[in-house]
């Protein structure tokens, strides 16, 4: 199913990665096209990682952090939120559909929500189509 | 770049992984990747033989980096780090790929799951190439402890430390010790008199030579880190204390829910309506009358005032049901002929002796009426037929719209975080949840520590609690503190931020970004510096640093970027393989 | 909340009031729902008998007064047996039936009888005395009574009274029967109408189409005759016994009230004659079941017999006495014991009349009428509710 | 360089002007009288702005004939590309000189549009154009006299290292003459050259290191302002005044000339070492400085950043991870 879009997800260690683990221990099923990278806090996630993921061929990037107010490091998730909005504005300027980047809050107990999110997001990406970023950047015309 | 010698280990986890991921295929593929010396698969990597295999291989093949593809690093990262350490390798030369919780268990297509596993392991291999050995760091611990809040929790902690002969500063905002518990007459479920208990506790605190009580005081500043804090405490009469301490216990307690917010209950309007706090005062005085001075005949006790309701506080305040039952008993004794109505949303009577109290109370001629929290709250209005008020609502068990006459209504007001919580959270560097309660380090396994080392939360400032829970938490925190004091040293976070002074230009973006105040500006050298003891390694500053001067150990840009590359390279490789 | 009326006000004292009608620890109920789960009559979403217990706990008397449910319950006792708190929901239904009987009765006498045994004893005594006095004064034993024996040796019962011909005597007694039936029936019918008013008319949530009254009418007859709902309870033998009693009792009632001239005749018919066979069946049916019930009530076992209200004993005793005096009368008559027959006849009537006058409209007997009507009414309600497709709110029968 | 040193003859220097404004060439002249020193030490063998050397003359040179080529300007068309390859072949050292050659420069902003959009804008839609016949430049045009040729206009602009192998980078728009002189002197004096790929004439540290404006840790912004919206106090860090200044993410070395002129840094000296995307770090820093946790307010504040791509990648679009416009199926592209 290589035609399926590839999603790179950045999950914070304390809430979202744990939530994703919970989806696993609860044996919930979701789309297999997601590849997770663990960071300690969503505050660690910056535009470089996201742009890099697209540049390497990702079709969608999912960023998950703790719910507002629940950040393990106080406000890292808010910092992520601010960067996320600016990044969306930037990528739209370059012609990329900004919905290819999604930020959601997933708590450690939200295994089900995580599984639903992955399916929902990958459907959204399917709808948008495969990303042309990698191909476009490798083309010299 | 010197040659990397990577060992890759793919775990079967019995059949947990192996049934959905072709582990042999994964390890075979990984062997081909640059830097990989060997790739093995084994039934249970976390078992002793599994770990021994890694240890032997490290020695035999002179491996310098290890990738374990198994379960979540949140489960076994520590296990394998220890294995590396046992083999004489730095524990941080490990990277795990989660092919269980985030692969085999959540997917149904074996081919897809195997493909995903390959990509995750390949990413881990790329990442581990950039891992660097990290050194443990150890600091000394000052034996004094700062305790903020002189309620039951704070006092219990102080006394426990005093037992061990350790000094504590007990800072109380008001002019007396005792906190909320000092306002109570009886305690549930055994209806014991707490007045004496609390005053004895206060006496013991005041007598102790190891406890320095500072009343009418607030903490102004806290600096430093575990083992090495210093702070300034200021009293209302402007006296200032500069103190040094190794650990902090936050026990700032609670604030009662403001009953006036509940429009339906008309707290300000009807003299019949009082709060549970006011009722405690009445029973302490031994006279139960409403604000008109009339001895009530019909008494309604309304549970969940401001709790478990999406318009107010979503959470349960835990103690109100039991207190309400306690009141019913007190009222039955004081006013044997009165009609008593318990109006509850759900009766929550867990804990020893609590269900028993409910059972015995239910046999005392008390009418229990259930209302629906999700619907509109009961409405209190003037009784057209009598002197008092009447409470109108839909009784949930019967589905009947009913009226309850009352000339005394007791609102069981819930607990809220203390209004000082926010400033205390900033002072001590601990997190607050959306309700303003302090967040513990781990909800199950580390419920008294916080994410700031050396700072503990006890009592109702962490979540609504009853007295025994507060006391247990206080004593648990003291046990943790004493352990560090007795050892004299503590280990501190390794995966901290570090600033490359050759690049840092002193723009100071990183200073306010840090929730722990770990970054500061060194004006003499015109660069920012990280206090690695304070730093928790979240990496927010590294991402905020515009020049790339800051990196987060073990989560460097290089490591994450190569992980992305590895992840995607495998995706493309497989994709191309398929299209050809 | 706008529609609240004074009826919806809780009354903590009502439970004490209801204790006069039956003994239950109803405040013990914490609404686990076991009773509803085990009750063969409860249906999806309908909290039977838990709903009634809840309404009682809150003291919503108006609500209770308008409920049909208690009549649908046949007191199999399953609920009381499974109740983890010994709240005795079955006994509550029983108490509610007694309470409702007093609520339907407009004379207020029923309440007096149910809440005070003295009142009931007094009423019975007065009527019995009236019967005895009437006979002794107006229908005294004729002087030559000893001659009033027919060829087969049986006493000619209609000829025992002085100054009245046998035909006239029967007619006189029949008139008495009819008078009694009219009074008692009139009271009962008005009470049933009262029940109809409270349970149907006052319930503004249902509007019953006229056709339903005809369509469901068979239910009334069918349930009266078979007591089919009773058979839903697990202990079917009990239903059989009760059916035996009810049929025996009804047969006797019909014979005595409607067919007296064919029944109370001078000659003693042969044993296989329908008249005697019916009489023996009725006697056996009544005595058999009464025997069981008395035995059980004395043993206070099963649970349904644990608590006996004064009205229960009075009804049993009166019925037993009526039957026994009837048997004795029959024996005396067959034996040709003239005087004994005459006096036993008076005693028989002195028991029978007050029993019917008191029990039928005011006390326990009335359930014979209320139950089938309750089923009929609930079917009517159900019919409308079905139309409204809100069946879940319907009473617990189908 | 050893060859150069041993050879008593003078250095052979070439300067080429690709897709650029010409400022870089002027910056060479800005060395003023030091030009004599340069000319004394080196022969200028190719410099289109000053010398009448033809391309075929260059083509005729032996490989590695030129010691140093300063290539300024980005690669926009086939001519630029041809010259890049040619000069690489003929030069011992190829230096990407100035922001355009280094990162794509201001011409690189064209990568936010594609060729078609650019042509439409320039040859059809611009206010001063009347082109009813819709004539666009062609690589070959037949006229009576024969065939006229024009270089092919590429779809995207490239930095020099995206076309050919580059030895060193001298950043700046334009590079300061002082730095040029320093570099030149170093080369002539034969001192050891830095490793290949180095950015020379600039520092490791960002501009803030030299900038003398007062800086504090109060980098929290409620609204981003454009220079004309602020009365600059002349001494406080621009960012703390709500202006976006790329100083913290840009190599020092320019002598903070813009800031001395009370203009925020535009990033022409390029990002600090080891940065894989020139604008992303600053974008991240600026977003982090937004003083709000409310999603709506955050969006509102971000709205005040008129043109993120043009702001954070003013001279570096072609060197970014997203180096040019992406055409998605359903996305309407706004050209800013």
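Here the chain labels run A, B, C and D in written order, and each chain numbers its own residues starting at 1.
One rule holds for everything that comes next: contacts are C-beta pairs under 8 Å (C-beta built on N, C-alpha and C of every residue); 3 or more make two chains touch, one makes a residue touch a chain.
Since this is a predicted model, take the numbers as computed values, not measurements.
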Excluding chain B, groups that stay connected where the other chains sit: A, D | C
Chain pair, B-D or B-C, that carries the greater number of C-beta contacts: B-D
Distance-to-centre winner among chains (Cα means, whole assembly as reference): B
Chain B-chain D separation of Cα centroids, rounded to whole Å: 51
Distance between chain centroids, defined by C-alpha means - chain B, chain C (Å): 67
Inter-chain centre distance, chain A versus chain C - centres from mean C-alpha coordinates, in Å: 76
Distance between chain centroids, defined by C-alpha means - chain C, chain D (Å): 107
Chain A, residues touching no fewer than two other chains: 46, 48, 52, 68, 75, 79, 83
Residues of chain B whose C-beta touches two or more other chains: 513, 540, 543-544, 557, 561
Chain pairs that touch, as defined at the top of this document: A-B, A-D, B-C, B-D
Footprint of chain B on chain A - complex, ascending: 1-2, 6, 8, 13, 17-18, 20-25, 27-30, 32-33, 35-41, 43-46, 48-49, 52-53, 56-58, 67-76, 79, 83, 115
Residues of chain C that touch chain B when the two form their complex: 1, 3-4, 6, 8-10, 12, 27-28, 30-31, 51, 54-55, 57-60, 63
In the complex, chain D residues that touch chain B: 204-209, 215-220, 237, 239, 247-249, 252, 271-276, 281-282, 284-286, 288-289
Complex interface listing, chain D residues touching chain A: 112, 154-156, 158, 162, 276-277, 279-281, 283-284, 286-288, 290, 292-293, 295, 298-299, 302, 305, 307-309, 312, 320-331, 333-334, 336
Complex contact set, residues of chain B against chain D: 502-509, 511-513, 521, 526, 540, 543-549, 557-558, 561
